[in-house]
Every structure is written in C-alpha cells, then in structure tokens.
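Both complexes shown next keep subunit A, but they swap its partner, so subunit B is in the first and subunit C is in the second.
Coming up: the complex of A and B.
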C-alpha cells in the first residue's frame, strides 16, 4: 500500500515537474489556447442568462463583431437586451504588444456621446454576469505563471490540466486551474480561486463547434459557488471570415448601432 | 407654426417611404413608461412634481435610408398634458457620408453635465438641471452631414430656425427671480429671432478617435440661446434717483471656437474641453452704458478625470468661466469656478446601483447634491429613490435652497 502511494506521488511529481510529452510548457499551452485561430473576423449573437440563487433569470443579448487587423484585434458589441440598455455599444481595441493597454469606448444612447473608458478594470464583471472581462478571453498568458499539473481525460477528451498563478499578487484570483483539450487548444473547464485561495467558481464548456475549420466555443456556463449565482452564455448565428469592413469598428458605427 | 409644418413634412415623407407592410418586420418600437414623483422636504412638503411619461422610439431602415420618430407625452398632476416630438428625422447613409435631416438632438464635447462646446441643442430648463440629459436637450430642426475618413469625422450642421433655451414659467419653483433695484417692466418685442435664412445658425466640427487621443475641434456662428437682458433706466431728473426700469430681452449672435480631448493614462481617463465665446452680452452698472449691457469675450473650460477606486467609478471635473477685458461695473464675477464630483458603484450583480453626483459653486459656497439608489426589479423595470439637496444661499444652486426634494422614478423600458 505504501509502495503504491509512493508510486502515485512519484507520478504526480513527474506530471508537475516534467513538461508534457511533446515538450510543451504550461505557458506554451496557454499561448496556444490564447492564439487559437478563430478566423480573421467573426459576427455572432451572444446571449447571457443570469440565474440568481432564488432561480430568478435575467437575459442579456448582444450582437458582436470581431476583426483581426494584424497587430490589433478590434471588437464592437451592440446591446440588444434588456430594453433599458438597448443601443448601447462598446468597442475594444486589443493590441498584440503586451505593454500596450487596450483602448475602450462606450456609447450611451441617452447621452448620445461616445466616451473613452479605462481598460484597467478587467476584473470587473461583465453586465452583471459571473464573467469578468478577463474571463471572456482578454487576459494575456504572460500575466500568469503556468504549470502543468497532470494530464487526464475530461468528458472523453484528453486534457492538460494547467495551474495558472497571477504574477500580480493583488489580482482578484489567487489561481486558476484549466483543463485544456489536446490538439484543439480549448479550455474545457476552469476553476477559479479567490484572493484568499478559496474555491470561487467553475467555468464549464457546454458546447463547441468546428466552423470553417476553426474550433469555436458556443456554449459555456459559469457557476459561482460563493454567490450561488450562475451565468449561461450562448453564441449563435456565428459567421466567420465574412469580410467585415474595417469601418465597422469606428465611432460612426457605435453611434449608428444595428441600424 | 413653421416648426409644426416642418415636423408634418418629415412625418409624411417617412410614412410615404415606409408605409408598405414589407418592412413592418424591421420596425423597431422601443421606449419607456415612467412615473416621477418629487416631494419638497422644506415647508409644507408640497409635491414638486408628479409626472407620468410615455416615450416611444419608432425606428426603421431600408437600404441607405432610415428614420426615427420619438413622440413623448408628459402628464402632470397640476399642469396641462404635454405632447411632443423630441426627435423626428431621416437618415441617409452613403459610402463616406451620413446625412440626417429633421428635428434632432446633437451632442458635442467630452464634459459630463456641463455645457461648453455642447451648444448645438438648446436646453429645456423648466425643471432646472434635474431631468435626465436626453430630456434637458431639445431637438433642433437641422441638416447634419458627417463625412468620414478612417477614424476622422468632419461634421457640418445647419440650423435654419433658432430655438432658444426654455425657461420655467412664473409659477414654477425653478424660476430664477431676477434681482433688480426697482420693480421692472418687461418688453418682449425683441426676444423672438425672425425665422429667415440670414438668421440661421451654422456649426462645424472635426473629430478624431484614435488609440492615443480622442479630439474634437469646433466652431459656430450661432445665436446665444440665453437672451441678454437689456436694462433701460428711468431716472428722475430732479432727484437723479431711479424711478423705473424697462427690461428688453434680446438674443445676440455669438461666434464660438473650441475643442475637447479625452485620453487614457494607465487607470485614469483625462478629459478637457474649452470654448472661446466672442461677443457675449453681460449686464453692467456702468452709467455710461445706456442699455446696461456690454459685449465681452469670455472663456469657458474644463479639466476632468475618471478613475476607479475600490470598485467605485469616480469622476471629478473642474470648470472655470472667465470674462476677458473685465471691468468692475460688470454684474457677473470675472472668474467663476465650479466642480463636479461623481461616484457610482453597483451591487448584487449590477442590479443595485448607488450614485452620488454633486455640483459645487466655489464663488458662492453652494452646491447641488444628487444621491440616488436604483434597483433593477426585473429586466427593463427599475425603481429609483433619489434626493436633490441645495446648499448655500446664492448663485445658481444656492438660490434654490428651499427646493430640497426627495423623489422616486419607477420606469419600465420596452
């Protein structure tokens, strides 16, 4: 029994200290996830269902457009639901340069004005959901230290299990643990631990599709166990590489909205 | 009357273009119903306002043409029913040019809650600065053309007919009581600006939105939305004492140039806005000036910053107005300083919103403090409890120190 335990411990240590079988490091795996090709541009509808501890549901609907311009990725979102935020739009320019902060603007139809906002608050929750801006993919791999914990099967898929610890000690998560599907480079599951190291929430990928040769996540669920609050996120009407014009990502379109 | 005809023409064009049912499915009907009840804290606890509002946005697009009609209705407990069209316009979308024709709100500048280069749409001040900003700004009949080159925009606005600021009537608690040495008589014969081509207004703006900075540069040849109060004194020749005063309100032409910027430095957004007004009328006590008005140039500018601290979105603005070539006869202070402060945060997955906004008038040590708490009862259904507290005794805020109020707004958006 003791020999078996020792063997198990050795196996565990091996998984922690030795790179994966194809010599990828934790950082390289997370970079593969971050840089997973998703096409040059994408148009999609995003629906979020926010479910409170009492089972009360709130629905947010967004139309979003994303385009890769090489050194900058531009994203524009038009809010459709709830009705009191309809025609609000949000634009984000994210740069490959890790030293350059994102540029962000919001258009508020009541003010009829495009306002520049700081992208410093990526830890803020997005539209009252359980996703922060970072959770939605804005966090760059070099902001964390990554370590391969082990390799295991999840939902029938071979996965790397990666522990990521933020370099910034004041970051809202003390660590995350992610199950990455080998070869597809999709994070199938992610556990988040709060600043005190307590288990906070879990992201589960419910659905992903191969569209035009790209793996696109179309269904996720974030379950916050501390707040007993849940967010279901669905991507629909996904269109990839349709040649979205560059002028879609301008102040002109923020003001015009979906008209 | 001419304004009504202009509205009717636009509505007819819109109905003609889109009357077929083929496009009915593209029709967007949005808006809100709202109850707004305010109670004065001082005195007999009178209701300052009981207002029920219905606001509808009708929008549709076909190819390169779109339209919007925004009818609204205010029903009051103690005032006549008010019906109107806040906006009614046609949009024409060309390759690099957008043209908007009709009654529209046009908002410029980077300042929040302060009007410096934001002078295209006049203000409805019947409820002072308390309504939501989309209700304070009035639509103007205009033709607006925007020409786009990349992230740069050239905008030209032509307003054929002048619309002045709307002020509260004499019975309103928001009427500014003029301070005259004797009881004046008013002569309104010059207050209207004749609706003719030569009296039209023109505004131009260049704006750019870049990674480094957002910039606006503007110019205008317009009318002062606020009338200048020409004061003609009647002096008893025997005693040389003031026996009467005739006030003649009149709007004057202004030439305005200005600009604004917004940029990000780390977690801070820095904003600035300034304008130079040429030929603004100020009241004077100079005995050599017969009508009690001198024209002076003046500057109005602002610096502000937005940042987040402990999950509280914070905004601070400092505003200064400065009359140039000043003399001591002018009734208005040479320099007026004001600041605004905003702190806002959310709880319960952004369903509970706390907000604190304050204007502070340094010259009069007076302020308007506006705390609110809003709860999203359900999607699109909100309940707001707020207060408007005026401190001080003088200046644009202090003079309303008897108008402290608490209020509720129950709103359903659809």
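Coming up: the complex of A and C.
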C-alpha cells in the first residue's frame, strides 16, 4: 500500500515537473540537436577506419572543409590516404530546401576530370562505411515522429531518450532511439532498427570537444551488428570559424588538390 | 551356435514376442526421431581440403546459391503490369525470413551507373513503376546500354526478367519451397513464372528421391510377396521371410534414429539392400526344409527344424558375415552418408541373419510346418522319378560346355572392361530428373534466355594487398573470362572485378564503348573503385574482391551442371594457372557445383577402394571359413564377373556413375557372395556324402541351384518394379540391381561350378569320378 502511494506520488510529480521544467517535445529536442550551432565553417582532418567482419582494417585519411552559406552547406573533401587515391576529391552541396537534391561532384586525379554525380538514393552509405549520409546529420527532424521515452544517465551525462519513427514507411530504418545530452544537445548514442524492425547498428559518440564555444563531435563509432562491420571516424586538427573563402568550394579547387 | 539356437528355440513364442516388442520399440523411436537431411553440404566431408577451401571462400565473398525466379511476358516486359510484378515480387521475397534483403537481385534493386557528358548518374532503374510510353522506352534504353544487367537480369529478347534470391545452404525445406512457389504463382497471368536454380534442384532431389522410394518400396514388397508365394506355395513361409526383411529394416532405421543420425538420400538404399539380402536367408532355409520334408515326409516339426538349423546355420552365418563385412568396407569412404550406409546395412544384415535363424524356426515351431501346395511337390516327384531332374540336366550341360562357357566369360569380361574404360562420373543433379520434368524444362528455359543456372567460382589469391588493382592482373582475369565464355557454348556468362572496372571506365568516358577496357593506370583503378564504393553498393563489390584487394572471385555461369561441362571450363582455366603463378597468385575453385564435382570423385574413389578391399576381405574370409585359399578365390569369381559386367554395362550404355549407381557394386558383392557361399557349402556337404563329382554337382544344383534361382527371381521381380519409378536414379537402381542379381546367379551356377568341378576340391579320390 505504502509502495503504491509512493509510486502514485512519483508519477504525479513527474507529470507536473516535466512540462513545468521544460515544455520540450521530442520534436523540439531533435530540432535543437539539428540546429545546434557548430560554427560557420570548419577545417579538419578526418580519419576513417573501416573494420570488416574478418577484422580487416582499412584506413582512409581525408582533409575536409565545410562552410555554411545559409540556405546551402558546402563541403569539400580531399583524400590523403591511401596513396593510390591521393587528391581524389569530392564536393557536396546540401540545400535546406527539402525538395532540392544535393549536388555532388567527384574528381579523379588519374582521369583529370571532374564529374557530376547524380544519385537518387539518400540512404546510400557514405564511402563504403557503416554511416549513411542521413546518419551523418543530413536527416531533417520533421521527417520523423519523435517521442520522449525516458530520461536517464549515459556516461555520466543526463540524457533524453528519444524514439524517432519515420513518416515515410519505405525509409531504410523503421525506428531509431537516440540518447541526447541535455543542454549540450549532442546525440551521445543512437540505435538503428532496420525495415523489418530488427536491431541493425549502434552509433556511439566516443569524443566531443568544446571548440570556440561550440560542441563538436570528434570521435564516433558505428557498429553494424547485422553485418558485423564497424566504422570509426575521428576528427583532428579541427579549426572552426577561420573564414574559409567561398571559392574554396569550386571545381577548380577540386582539381587543384592538396599541395 | 547351434546349441544356443536350439536352446532359445525351446520357447518359440517367447522369442517371437520379444523380437516383436523390440521391433515395436525401434519403430516408435524411428517414427519420432527420424529426420531427412536435405542440405547436400552435410553430405560432404567437411575436413577435405577442397571443401575447407570452398567453404572459406564462400565466406570471403558471400557466395551462395541462388533461387532464380523468371517472369516471362511474351509481349515483352516493358509494360507497367510486368514491371510492377517484378517490383512486388522482389519486395515479397525480401520480406521472407529465409532470405536476407540484400541477397535479392532484380531489375528493381539493381543500380544503374550511367555516364553522361558531364558526369555520372547512379540511379535505380526504376522506383515507381513507369507508366508512360516515353518512360518505358527510356527504361528499355537504360537496360540495353548496361552490359552488367542486359542479358543477366533481362533477356536479350526482352521477354523475360529474372529475380535472383540467394539463400544459405541450410534454409531449404519443403515448406520454404512450397511458399516460394506459392508466392511466385500469385504473380502469374498474363505473365508466366518459372522457378529454378541450384537450391531448388538440390532440395527437390533430396526430397523426391526418398519420396519416390517411399512410394515404390511397398510395391516392391508386394511383388516380392507374390513371387515368394508363387515360389514357396506357403503363406506361412512367405510371411516369416518377409518379417525377417521388415524387422531388420526397422532395426537398422530404429538404431539410426536412436543414435540421432539423420536419413540421407543414400540411406533409402538400406531397405533395398535388406530386401535383396534378407529374402535370401529365408529362401535357403525354407528351401532346405522342403527338401528335407520331401525326403522325410513323416518327420515332425521339431526334427525338421533341428535338421534345418543343423545343416543351414553355417551357410546363413557365413553369407551374412561376408556380406556385412563387404558393407563395412564402405567405412573407408570419406563420405559420411556412405559410411553410415555401410554400417547400418551391415547391422541390418546381421539382424536379418539373427531373425532368419530365430524367427523362422520359432515361427515353424509356433505355427507349425508350412505345407506347400501339393502341385509343385508332385511335379518334382514325377520329374525325379521318370526322367533326370532338370537341375541334373542343366548341371551336365554346363560341365559339357565348359570350354564354351570359359570363352564366353572371358569374352564378356573383355567387353565389360572395355565398357568400364568409358564409365564417367556425373556430379549433375539436374540430370537425375526426367527430361520432360518441370524442373528440367524450367532450367532449360532460363538457360536459353540467360547465361546459365549453374555456377563455377574461381578464387584467385595474391600475396600483396591491392594485388587486384594491378592492370596486368585484371587484364589476365578478363582474358581468361573471355576465353572460357568464347570457347565454350555451355558457359554463358562470367563476372568479376574486371567487369566492374570496364563498366566504370566506360561510364567515366561518357558511356563510350571504346573505353570498355581495363584502365592502364593502377591509380585510376583505385580511384574508380573508391568512386564505386562511394556511389554504388559496395556490398556488390565484396562479392568479387576482398576489401584488401588481395583475393578475387570470378563467377562463371554454366548452362549445365554436369561434370563434363564443369571440367571443360576448368581445363581452359587451368591454362592460366602458370600466368597467375608468375604474379604470385594462387588459383583455386569454390562453389557448390565444384564441391559436387569433388564430392563425386571422392565417392568413386571410395567405392573403388572399398570394392577392392571388400573383395580381398571376402576372399580371406571364405578361405578361412572353408579352410582353403582356393575356395576363397573360386567363391570370388561370380562377384568379380558381376562387378565387371555391372560397370561395363554402365560404360557401354553411357550411364554415368553417381552416388546411387556407384553403390550398386556393393550389392553385387553382398549378394553375389551369398550365392557362392550357399553353393560351395552344399557342394562340400554332398562331396563328403557321395564322393562322386557328378552326383555332387547334380544334388547341389538341385538343392542350392534351385534356392538360388528362386532367390534371384524374387529379387529381380521386386526390383524391376523400380523401373516404373518417377525418379530416374531409382529406375537405374532397379535395373542395375536386377542385372547384378542375374549375373551373380548365372556366374555362380555356370563358371563357378565349372571351376569348382575342375578344381577337384573335397574329393578324396583326386579325380572324384566313381565308375
């Protein structure tokens, strides 16, 4: 009897306190994450380690530049390693307008030609990794329905646990569950469930830093349990708001490569 | 032994009940625990290097066999209805729990990488079903210009498109097959749906063979009952002879189930063997009994049984032991199902021996002596009284024409040996089916429109990482592919990393056919591959190369799964071995087709080994039993002749050796030796009694010759029933067993008799002639 009344009291308390403390809905939380300021531009070295089920590791080193132009975010990447693809470059312009597809270009130094890539599958995996473009932050919050499952501590941080279900039934995930650090609005962990509702993979944030007042994620790990495949991504030499010139993001620069 | 038998036969009813109870117990164990093994991989010796390698390679490249579902529309597939069906069926298959989503390939799932003037287009051929004529024509154009899809997923006449669902070896079941068929059939009209592919062939075979056996064995038994009755003229003896066969089969399968060993396709041959062998003991026992009763019409059942056991236990035990040993020699085989087959048939043979010595006498003691219908007896009587018995005449004529028989035997053996040189092994599963069966016709249909339903994987392994980014290596691979596909009409297609690179090179040069070549620069190759990984589906890439580019997988599609087709491809591929070797690259083979090929070789090798071994063991056993080496040698003559003729006829009639036909040689030995042992044993007894060669020959022919011919007639009649089987391998089995029975019978009463006669064994007077 005693226990029951205590539970009722707790329930009552939470019912009052949550909306009182912060009236945030699942969608609002996800928007905060999506809109978290990360600076106007960034230069960084990206190391991507692909680990296959047999334990084989492939390491790719990339120099990347990103700049936010308001309605469009431009990104250019130059491969440093492996040696045989050095200076292969990839440029992506991603638009805020949900009806507008990304523009993409590739430059192969051995061919000396820039080619436009048009691809209709946003679900594509990013450079053969376990990340899709959407996983890398391209997915807009209003594409899913969000629900706060609970609040709990993860790695010593207070987190919201949010369940997101895509509005489009044909989407590659049937559900994702995200742990979001309160006040920092960083997704600390994310579980992905495939179309059939089966557990597919987990994203873990290994490292994040405060650079010039922005929370920047610098170490992530994606574990695909179905394929037993893993991708580790690390950012180093991160520089924020250094005023990357707009003409950095052109075909000419792609061809020029890293000197 | 005899004492022991007489002792336990003191309580015949108790013996009957005990055996019955144990049999019932085994029957229930069998009912509950028996399980068919349909995964053909389980048949193969997993520790054999070729299998270890292939299994490993299958993991590296995710090599699986594919179910092929072809959608045919005579008016062409480019219409909204058919395209929607391709899409819906693809999705349905992807949702089945036995199939992984990524393992389904169709026009709907395929990526189309197309070069344009300024770029590269990576798109699905269609997501929404195109409706307008322009859109449909556009799709048609896209498919036509993509050599990785045209002719592979869509036939060149554009009337058929295939969906390929790759599945793991262990998921096939009757239920899964039914569901695949059911799901596919929903999409028929006006389209036609055809389902083929190795998993279907293997699965159907693993189910159809035994199912056919299950249907045929009762008919075989029925025919044997009828013939047994016609020969014995007694319901009681027919009944007990059959009981011996039935119980020994139940015991063998019961023990198998109790030990948790599944029923393999070859295990269905166990009842076949036990019918052939078990019937023999009964016939010889009763035959002797009738013989005894004719000579001693007043003897009571106890005396009759006592005499029967006294005179017959030895040959029954000897024949059974030699037969069992013959089967145990199959343990030398590397193939587990064959080992099991050997062990449990041997067990069944020993059980049959025990039942013959216990059940039959107990039956006589409990239910009285069988009283054959008078007719046959009277005929016998009049025969032997007035003119010489037919058996005597026959024996005389054999002895008289001995030179002719020698010549005939040598001649037939020579022809057989020539035939044996033409024997070939066939690992084909498809060729085990009826030529006009659904499965063969579907396969033919798909082979006419596409590269082929069977595959051969060539695995190349380099020393260094990135080996398969080297232009020269890739060019050799491409050259090898071109030569195999160009030279052999049976090879319809091939697929490797080289094809991806040729495609990428073409696409990056604005789809110009001129650039459908391997690039000259290693860097460009690496960059193309990176681009493919970024824009296409890298999972596809890992089916042709490992992530470290150290190993590559080349898939050849063949229009036939028979050994000749596979070997013809391998012959050409082998020519490239030295060239790869120079670059430090090892060449190996993988895939289910190749495994089946190795497997069949193993079976044959095992068969020949065990055949030779059992021949030696039997010669030794016979020599020990009769305490004469010469008898061992003479006794083996009929089985050698039988085996020669058996294999010779297979060669001459172009019947390939396969898992079932190879086993037939075991029957030849198992049964052939029985005839010889009974004959020699009786010959020895009469020789001692009469010391007269002619009389001995006459009596033996009358006593044992008769039993042998009855035995042969019964089993041949039974097995000829299998000629009406719907499963061709079972028909071959029926014909070959019948043939073997006939030749061992004939060999025993002709050539062996002559040698025995001329050898003068068992006669004190060396000439053995008493004037």
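Note that the second predicted complex is superposed on the first by the 237 of 259 C-alpha atoms of A that agree within 3 Å, B and C clash if a C-alpha of one lies under 4 Å from a C-alpha of the other, contacts with A are read in each partner's own complex, and residues count from 1 in each chain.
Basically, a contact is a pair of C-beta atoms (placed from the backbone, for glycine too) under 8 Å apart; a residue touches a chain by one contact, two chains touch by 3 or more.
Just so you know, these numbers come straight off a predicted model, no measurement behind them.
Novice: Following the superposition defined at the top, how do subunit B and subunit C come out on subunit A, clash or fit?
Specialist: clash
Novice: When the two structures are overlaid on chain A, which partner does A:196 contact: first (subunit B), second (subunit C), both, or neither?
Specialist: Once the two structures are laid over each other on A, A:196 reaches subunit C alone.
Novice: For A:88, select first, second, both or neither according to whether it touches subunit B, subunit C, the two together, or no partner.
Specialist: The second partner, subunit C, only.
Novice: Once the structures are superposed on A, label A:110 by its partner contacts, choosing first (subunit B), second (subunit C), both or neither.
Specialist: both
Novice: On the A-aligned overlay, A:131 touches which partner chain: subunit B = first, subunit C = second, or both, or neither?
Specialist: After superposing on A, A:131 lies clear of both subunit B and subunit C.
Novice: Is A:58 contacted by the first partner subunit B, the second partner subunit C, both or neither?
Specialist: both
Novice: By the touch definition at the top of the document, which applies to A:250: first (subunit B), second (subunit C), both, or neither?
Specialist: Touch status of A:250: first partner only.
Novice: Touch check for A:79: first (subunit B), second (subunit C), both, or neither?
Specialist: Once the two structures are laid over each other on A, A:79 reaches subunit C alone.
Novice: Is A:101 in contact with subunit B, with subunit C, with both, or with neither (first, second, both, neither)?
Specialist: first
Novice: So in the superposed three-chain picture, is A:259 touching just subunit B, just subunit C, both, or none of them (first/second/both/neither)?
Specialist: Only subunit B is touched by A:259; subunit C is not.
Novice: Considering only the stretches 94-102, 328-336 or 472-480 of subunit C, report the one that runs into subunit B.
Specialist: For subunit C, the listed stretch overlapping subunit B after superposition is 472-480.
Novice: Does any part of subunit A touch subunit B in one structure and subunit C in the other, and if so which residues?
Specialist: 50, 52, 58, 82, 84, 105, 110-111, 113, 115-121, 124-125, 127-128
Novice: Can you list the residues on subunit B that touch subunit A in the complex?
Specialist: Residues 30, 32, 59, 61, 66, 91, 93, 98, 105-107, 109-110, 132-134, 146, 148, 150-151, 153, 207, 209, 211, 214, 262-264, 266-269, 306-308, 311, 346, 349-351, 376, 378-380, 382, 411, 413-414.
Novice: Given the complex with subunit C, which residues does subunit A contribute to the contact?
Specialist: Its residues touching subunit C are 50, 52, 54, 56, 58, 79, 82, 84-85, 88, 90, 105-106, 108-111, 113, 115-121, 124-128, 194-196.
Novice: Spell out the part of subunit A that touches subunit B in their complex, as residue ranges.
Specialist: So the residues of subunit A in touch with subunit B come to 50, 52, 58-59, 81-84, 86-87, 93, 101, 103, 105, 110-121, 124-125, 127-130, 227, 229, 247, 250-252, 256, 259.
Novice: Inside the complex, what are the residues of subunit C that reach subunit A?
Specialist: Touching subunit A: residues 60, 95, 101, 116, 118-124, 127, 466, 469, 508, 519, 521-528, 530-531, 533-535, 538, 546-548 of subunit C.
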